[in-house]
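Beneath this line is the structure, given in structure tokens, with notes to follow.
Labels run A, B, C and D following the written order; every chain starts at residue 1.
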């Protein structure tokens, strides 16, 4: 079933069950994924969201590494129209079509061309009930979901909703420049362990403070399937260069 | 100062101070304004938001009545690029550029081409402090603000933040098909009275349950400067026809 | 460890590990528990909270069935001083001592004599992160925790925080008079199954619409360890009589 | 009408209309009021809330200065039973009796013996609509209301709901030890000016950073009717001494 969902989303395929050369069905590791969250940085607002996305796509293509972007709502459509890499919204509300002025409807995000959405980022924390609803709405609408969690226990909790990806981000390290994969590797390994106990197929990202290739390398070696990064790329003097070092680290970790 | 702000927004001019033929500076009535809120209705999502906006523009032009639309965030840019009438966001968050994943930044809405924004719609009610911040952010970003309020007292309270427009919408009548201007004219006149006591220049809209020309006529006769309407137009079998009847009522009330 | 915590709370002992007559350590069923939530009903506010609690204690004693009450914050101390049965707060905030005006501090609830607290009742739904924090704060303060969840998936998610009890309450049935254990027995069995997969020792209550002995009997037979009930008792013409029928059902189900 | 409400609350009388010796009805200044907010400080939780309240009462009595306390919900009843000074809740929810688990009902606070309640403290900020509802609920229940506001504009906005008192507290100075009355006297005078434009009878407190007698003196000289203070008293090494200096400043300012 998971596989089928992937097939429906040709642009994004983070992992899969596969029959290996001995004829056995095995779970293969997901292809590492670097997801860049544009937050509400002016450096990644409006036209600059498109420019940055194009740069990110090019660096990823050159390195042969899977990259994606998460621009603001108003920029989703033009970014999705300008690049071929996965484009994520930063949030959807757990509302269905109707009288919900000012809310972010899954169908609207999908119609704009988004491939998926972040859910429960620590800067847009949700009620437990709304996390689950948002994941289900994403599924029904054909959007991939990346649910954020600040602790290992919470990562396992959100993995129960069966999103496509879980992203571990200790809030205290977000934007700190101190990478979770180096400052607090235990939370990453503990998260992987706890998530895997309840969900064997969800992809696992980690984030917070990721700012250079070594941070990315460390993250992958801890058993994650990629990183969620924001200021480390968006606020960098030279985003392309930093992203290139991230990609190099992905290849090194392979 | 108010006038100057209007000059900076050629597309939207709801009212003005003017020197009349006797040479006296007077406050003239605002040109009536019909603002159509698309909420998260599928009938007004994605491409249908553009189509509906074009229809609305055409009906307004034919009648010579000022109309505007408030589509979802993801649709703002393409709607703004397709029509010449005022385009409003349905909400902005009281955040400044930076680490605010999933929030709606005034600059982003502005960059998408919006002329203004709703604030504090009853379906997206805000903290008092955030209402004021959002109005100031709108001003700084060059967005017009329409702040909603459910009672006469609240209408006066939000008028103190000096938005461009205040919209009275008793929540219990929203989407009811029973027009505030007929079901509860007292709340409208009371709102106008209380708002005017603290703010002489803010334009005053009313909304909730407005579904035909008579409702619009009644609203204007109660001293408002226009109406905020959603399902009455968006969910109508024939939105153009209903809007035409609204426009006819505006002209009749003049 | 669980056992030890129980020993520290002599008034409340919902279940335990025990060495049976063959010398094997086994998990025994929790003694069924009927927890009555007073909500903000006037029938259970102020002095009436004390009177009702005394009646509840007496009925429970007479029947030999474990009962507990969850009065409002202002009534916790006098209720706890008047009865010997477990007394729960209806909510605690995930705040530590300090500058949190208007919040409900775990230490304050504990100092008032409460034995535990509800967390994440659907009428006071919490952010995922705050549910986990509140459970940990309860543990640190020596309060037992009953975390509510509206779906089977959410029940498992909150069970990961290792509260003392999980309460399944489909919001749509709360206050409906239609008992979850009869209207939707599948959600109860599914919850029990999913919770047990991730947590073997948490006690499981169910609630929503429970209004007579048969509803209680059905709930216990579905594998729960008790019920959470509010209007079924508090708004009953004769609360003692209804509770007596609940107790009778508990004994019948044993 | 205001006067009548005061008569109904013999313990609290912040000001009044009075016929002076020439027979003219005049508005007299309110008797200065020092309101001590206990927040969730452990120093003022449980029994220590009662002890501190008694000390505060004694210092106020000795100096002949009106003082009041705002303990946590669970402590309201025993504090109200132990002292004769005004006792305020720190918050009420805008709910009526019924199915509102975990909420703070005005009737419950009143039944516990409270004289009034804070509303919209910056640490428990409310939706605009809920501020107004809470003030009306307080009136209906016979509770005095002190509505907090962080800016001059917001102070005027909440004054429109006609609470008994408005408290100006710039959030950035709360707990800072830098008194609003000295760091930012303009916000106080501006607030007084704006509040008086829309409400002539509401009492005006100010707060944030108040920590010694001079701060209190400055606050009163700026036209306020008292101060709202928390850590300045509760976290002081010698609360009685600090409060005595506050009282001395009140008398000096008279």
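Keep this in mind: a contact is a pair of C-beta atoms (placed from the backbone, for glycine too) under 8 Å apart; a residue touches a chain by one contact, two chains touch by 3 or more.
Small disclaimer: the values here were computed from a predicted structure and weren't measured.
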item	value
Far-end chain from subunit A, centres as C-alpha averages	D
Whole-Å gap between the CA centroids of subunit A and subunit C	38
Inter-chain centre distance, subunit B versus subunit C - centres from mean C-alpha coordinates, in Å	48
Multi-chain contact residues (two or more partners), subunit B	122
Complete list of chain pairs which touch one another	A-B, A-C, B-D, C-D
Sites on subunit A touched by subunit C in the complex	120, 122, 125-129, 131-132, 149-151, 153-154, 156-158, 160-161, 194, 197-198
Subunit D-touching residues of subunit C, taken from the complex the two chains share	37, 39-42, 45-47, 72-78, 90-91, 95-105, 107-109, 111-112, 118, 121-124, 174-175, 230-231
